[in-house]
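Quick heads-up: structures coming right below.
Shared between the two complexes below is chain A, which has chain B as its partner in the first and chain C in the second.
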Partner chain A sequence: MREPRQITASQTMMAIFNSMVGISILRLPRIASEHVNSGAILVTVIGLGLMMFGIGIMTLLGYRFPKTSLMQFSKQIIGKPLSFLFGLFILCFFIVLIGFITREFSFMLSSFLYPDTPIIVLVGTMLFLVAIATRNDITTIAYMHFFYFPLLCLPLLALIVLALPEVDVRHVKPFLGNGTTFSDFVQGGVTVAALPFVPIGIFLLTVLTPHTQNAKHAIRGSLLGGLIAGVVILLTVFVTIGVFGYMETKSPLWPLYVLTRMIQLPLELLERLDILFLGVWVLSTFTTILSGYLIVIYTGSQLFNLKSHRVLSYLALPFVLGAAMYPQNIFHLFELIEQIGKIGLILTMGYPLFLLLIALIRRKGNMSK
Partner chain B sequence: MKHAMKCLVLVGLAFLIAGCWDRLEIEERAMVLGLSIDLQEKESSDDPINHPDVDDMPTSEIGMVKITAQLAVPGQIPLGPSQGGGSKSKDTVLVVAAVGHTMDDAMSNLQQQLGSTLFLGQLKIIILSREVAEKGIREISDFIKRHPEIRRDTWLLVNGKKAEETLRVAPKLERVPTLYLSGMLDNAIKMGKFPKDKIGQFWSNLESNGQDGYLPFITVKDEEHIQISGLAYFRGMKMVGHIEPYQIAYFNGITEQNPGGSKALVKLSENESVMLQSTYRKSNIHVSLKDGRPHVQVKLKVIGNIVEKQNVAVDTHDAIKKIEKSAEELIEEQYEVLIKETQEKKSDIFGFGEYVRGDLRTYWDQHIETAEKWREAYQELAVDVVAEVEIKEVGLRSK
Partner chain C sequence: MPIWKRLKKNLATQQANNTSGETIRQTVVKDEKIETDHPKAIQQIQQVFQEEADFVTRELVIFGKVPATIIYFSSLVDKKGISEEIIKPLLMNAHESSLEADLKEVIMRQTLYHADVQQATQLADVVNGLLRGNTVLLIDGIQEGILINTKMIEKRSIAQPETEQVIRGPRDGFIESLETNISLLRDRMPVPQFRVKTMQIGRITKSTVGLFYMDDIANPSLVEDVEKRLERIDIDRVLDSGYLEQFIQDNPRSPFPQVKNTERPDVAVGNLLEGRVVIMVDGSPFALIVPATFIMFYQSSEDYNERTNVMSIIRMTRLISIIFSLITPSTYVAVISYHPELIPTAFSVAITSGRAGVPFPAVVEVFLMEAAMEILREATVRMPKQVGGALSIVGVLVVGQAAVMAGFVSPITVVVIAITTIGSFATPAYSMATGFRMLRFFLIFMTGVLGLYGLILGLILVMNHLLSLRSFGVPYLSPMSPMNWGGMRDSFIRAPLRWLIDRPEELFVKNSKRINNPKEYPTTNPLGPEQHLGTKEENE
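== the complex of A and B ==
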């Protein structure tokens, strides 16, 4: 096998952005306003702050242990049996999570566009495409993200700009929400941080960092990626709440998608943009699932000491498909996502923090500066 | 062999990705352009299509509904500019009606009469009869919001009498009556005579705790014209009244709808008057607590032109200043009437409650909290309107 080329900082940034912007942000405005009504923006800031904290921990770990993956350095830090156990947890978590995201995406497609197509066809096609894409090496996958980034970022910015004139400032006031308590914000923030895009964004770093040109690039890229994705996500929440008002945001299943259905170009150049945006959402979900699937097979291959992640590309498929087909209806799915999302917080933030602390105490890893 | 397998899988995948599972040719769709919803007086007069024909079937809160749909006849809607006045609207559209216990029951009964699948993706207008709007639109709203094909840029209207007759009217200017009507409303917004109020905006207002919804109110004239006759306002889910067309101008002022365009006949004395047309409106709404109760101050600025005059000299700066003064008085007076009317009906269509909720957070949390309580508080709300009129142009005459 030829030596994989090196991933640059900007590729890391774009990969993080693409992985975070996915199907979950379509319902994020609803989740946020359900907890604290018009304080939705603040609660999103809290959630995204938690996310940046997670990214920060992961980058610090990556900086201490450049060129080794999470599985390898966790072996160094806490020993083989314990790291294997946690690795197994992480593997199972991501299998279920990716399955659920794919299912949510298929639900959305089937309710808006393909009412007669069986769900398994929508789920299966998407997962199969992703599995084929992950047959490439990691540098190529980083290039894919590089290619898709403008196709995601520009339409999203356009959406925000086009929706801005429709925003009614009264809808986003008061900033703290009406009749809210401190614990509402904490709970809301945790729920936002437990959305699937957070663990995928954080754990993608464990895959990318060993392949970046150097540790500094990884840090710069990942922090910038998290920040840009965070700002864009925050702006989408702002325009959605601003246009609909928090009460109306609670009613649709995917409020941001409803917003894209009512946005029009000035001068009535095109009456309807939602077909274009549907393409954007398909792309964004593809990149998110691609990253998630990559995490699954990469973690799996490290866990079982396989030569390359490619071995598992098709083998992991039935497991993810099984997870995707498990929920019965949309509410069952949302409840399950929320439950495993909260478990995921422990795995994606608690576990890395724990590793970092032990590494500091036991003085493991790269200590330069 | 391996390659053959790969090819087979890829070809199969290509079929799936193309998304043709749900293919429905355009000829097979019954394109619904407009819907109207009326009450059906006689009980149990629908056909047993979704349910057994028994008396105790659950019926929507407003009773039996009658839905009338205006369908586009395939191949009859001209895409480009029309060549000569050939076909009449009778040929381009088809109007069908059905009765049901609930919205979707009626829609299914409608489908039963048609050979092609009903398609609501091009729906432009939904017309409610006044009775329906007064009885409540909760269930109709739920049906529309739940339907994946209906968009938030559809127009929802209230007709003064029967909603159905709006769809049977055949205006001569356009071949498709619903397109004419939706174009008419879009144009009224551009001319500044009507607020932006498509169904999405209406829902946002309806759901907000500190605001009530309002809808265009239309009437059919001489059985062939449609006229915008005001704004129907709601208390919660129920329509409680409507304001007159001239009051829309004042409503647009407070809610800062631009561009301006509505006209007002300003009376200066017994036989002196001018016609004033607004071009731009700016409103500055400030809420504060006075003696523990919210107090709303509206500073309104209207920039406009004089387009006509009767028995009055418009030739000096002072004369214009005088007209401005009279116009300001007229506006302030009219606001009092308008706000009083909505206060009596407990319908805060201006959304003052949203300002209170946003700016006086502690007051709202302690005293108001719900939309119902806000409507009570709105009745006694003190609103001060200060108007400022600026006349920029007077036309081409110097006298």
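== the complex of A and C ==
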């Protein structure tokens, strides 16, 4: 019995949410407060606004070219050679990005819990798990996102609620920061928007949209997903800065992780909650990397005219693993992530915008509004 | 030539040999008509069966004139029936006048008392008929043999099924006879829409396989799919419905059952009415139900017979017990070996003192105990009932107390193992419980290597596998993912029957309405508490 089963709006929404909530939000409060101290929340809002802008462009493109993937419609818009070149860029960018995220996650694991385990084991197991998962078709991957959504969303909300009593509102004031300039905010916003979860969230749409029931579902789902993820991320930043203050937030590498160490259940059931939250972070990293890896192999299969993304599931593994093992230490890794994040901003926002403009000028695609 | 190719070739030639060997045997019989000459016809059949011990030929002279022979296998037939319903009328009724008329017609229409009578001209049909318990009547001067279905096989009476016991609910179960099982189903659904299709599977056992569905509910493409998968099966034997299950399931390598089996007619009827297809084999009391989803394996037919809120809690208890049976030992290993700081200090001190003197790391300890538990469980299944008591004493004493006292394992490990084992026994479906029990070894291994991180990775792997499983195209975890709110009313909980308006959405049934007037049932007392006393007439 093969009945048509396509991705629904809610599945799109949850997939976007899961892809955005990942290891990066552990680091986000620090990144946000680095440039503008107590204006961190505003900076996050700016960054998330940029992200929503990117999602908006992508959904418009998806609406204009329903049932076609990015590679197919970019061929229509700017021709084969140019679209191939950009596709190759995107492929390389995501391979490196996924590698770095995995590496960052492994660093976190090894620095807090598994100091003796070799990094490559932590990286390899996670990537291998992801590669196995991408052997499924895209609808099944959407089911996975759907299923894991409550397992991610509820603990995060619980974390926020548990931490709320500790929040000191004075920590987040003044909203505009102390002695900051406008350019600080722009810089901070761009840094936030250059975090790895933004391109993954945006580009996941190019994979999901061709498989959604219709364009309207895709738009509704992606915008809602971006919005909910944005709100939750914003709340975690608020709670972290509210508890620690911006000075303390700057010192740990992953401030949100430190927060999970601080909070306690009202009942003395468990001594430490951070290890329980480790499960949530593993899951969130898994969903993020799953989306990223899917983008890699989907773009790759489109680029090289393969029958299915499944062909590349294991073939892409050495490349991502190579990218993951490239950085020498954590600081090198963060430096690299920031650098390629900036490039990513051009690829993930500039390129779609460029495509949309050319499509408008050349009157390509579905014109009916 | 590479090894695998050589193997493949060997296999292919073997198969060719097999089939050719069989055709030789078949050509003796194939396309051969029964001889018109009476003695020759008998000889023909006798040649096939040579000197079988239970092969009987009985010669008669019917109507006082015509020589005839009755042939049957004494092991397969109802001898009393043959005497009473076939031989007696043939010998007694001398329709002198009708002898001039067509003899065959007279015998078929006026003489034989038996209900199920057929004619056959092919020798092959006659031989097959004999082997299926028919009695063959050969009459001098008539070319056709007359096949009379006199089959009678010993069968047990209907008893309470041993695998799916309920406290409240029907007590009858399926038995090995397909015909009896069909009668159990038909009796519960006296509607013409209940369809029974039969086919024969198994080159040698020629087992009758029944395919049941509701014509006005089941999705036609599902029925077609099931039929196609069944027709594809080419095997020498089908001894139980489990054989079929393994040939028709979507993913044979998965540890999870994708076909539900039941011994209970009420469960089969309930599933037929949800739009599923039921498959039964003659000779097996287990009916297969397809497509099966995960939630079906922790539901019990009793859930629908008792009060909704109570059964909802019991259903959730079962789900929790499944999850316990999967993750308890590995969580224990993760906490003890990798993250002892997770648990409150007082408790962790107690655990440590209990573990003092235990020679192995927690993972080895748990693994050994789990293995011992599996051995114990397997031993109790296969054992004669008389020794059962002895084994349980050995189990309790040796695996429990003595092991602790000997310092072999810590007391808390025994508690963990006990929770796991009991959890797996609380699962109503044996096949699902087994799947989960085996998976927990994998999780213990993952945890032993990578701690809690390994456990989470393992769980994600298991979940992803569950999410990607399909049973006849239906997602295994529906209605949870993909979500379907109507279906959720009958998943973790069992909502009141009047809320279960629609049949499961994931089956794409023809007619989705289960309840036609859901609004007409009282939800709470509609008159208000003050008018609760007195009968309706008095209130009016």
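To be clear about the criterion, the second predicted complex is superposed on the first by the 363 of 369 C-alpha atoms of A that agree within 3 Å, B and C clash if a C-alpha of one lies under 4 Å from a C-alpha of the other, contacts with A are read in each partner's own complex, and residues count from 1 in each chain.
Definition applied: contacts are C-beta pairs under 8 Å (C-beta built on N, C-alpha and C of every residue); 3 or more make two chains touch, one makes a residue touch a chain.
Here the structure is a predicted model, which means the values were calculated and not measured.
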**OP:** Return first, second, both or neither, reflecting whether A:247 touches chain B, chain C, both chains, or no partner chain.
**Re:** first
Subject >> Partner chain(s) touched by A:276 [first = chain B, second = chain C, both, neither] >> reply: second
Original post:
If you stack the two complexes on chain A, which partner ends up touching A:129: first (chain B), second (chain C), both, or neither?
Top reply: both
Subject >> Which of chain B and chain C A:113 touches, first, second, both or neither >> reply: both
Original post:
First (chain B), second (chain C), both or neither: which does A:140 touch?
Top reply: second
**OP:** Using the touch definition from the top, say if A:10 reaches chain B (first), chain C (second), both or neither.
**Re:** second
Original post:
Which partner does A:346 contact after superposing on A: first (chain B), second (chain C), both, neither?
Top reply: neither
**OP:** Could you say whether A:154 touches chain B, chain C, both of them, or neither, answering first, second, both or neither?
**Re:** neither
Original post:
Who does A:262 touch here: chain B (first), chain C (second), both, or neither?
Top reply: first
Original post:
Which residues of chain A are in contact with chain B in one complex and with chain C in the other?
Top reply: 113-114, 117, 121, 125, 129
Subject >> In the complex with chain C, residue positions of chain A that touch it >> reply: 1-3, 5, 8, 10-11, 109, 113-114, 117, 121-122, 125-126, 129, 132-133, 136, 140, 143-144, 146-148, 268-272, 275-276, 278-279, 282-283, 286
Subject >> Contact set on chain B toward chain A in their complex >> reply: 13, 16-17, 19, 21-22, 145, 148, 151-153, 200, 203-204, 207-210, 351, 354-355, 357-359, 361, 364-365, 369
Subject >> Residues of chain C touching chain A in the complex >> reply: 219, 221-222, 225, 291, 338-339, 341-345, 348, 450-454, 456-457, 460-461, 463-464, 467-468, 472-475, 477, 480-483, 508
Original post:
So in the complex, which bits of chain A are touching chain B?
Top reply: 38, 111-118, 121, 124-125, 128-129, 168-171, 173-174, 176, 178-179, 243-245, 247-248, 251-252, 258, 261-262, 264
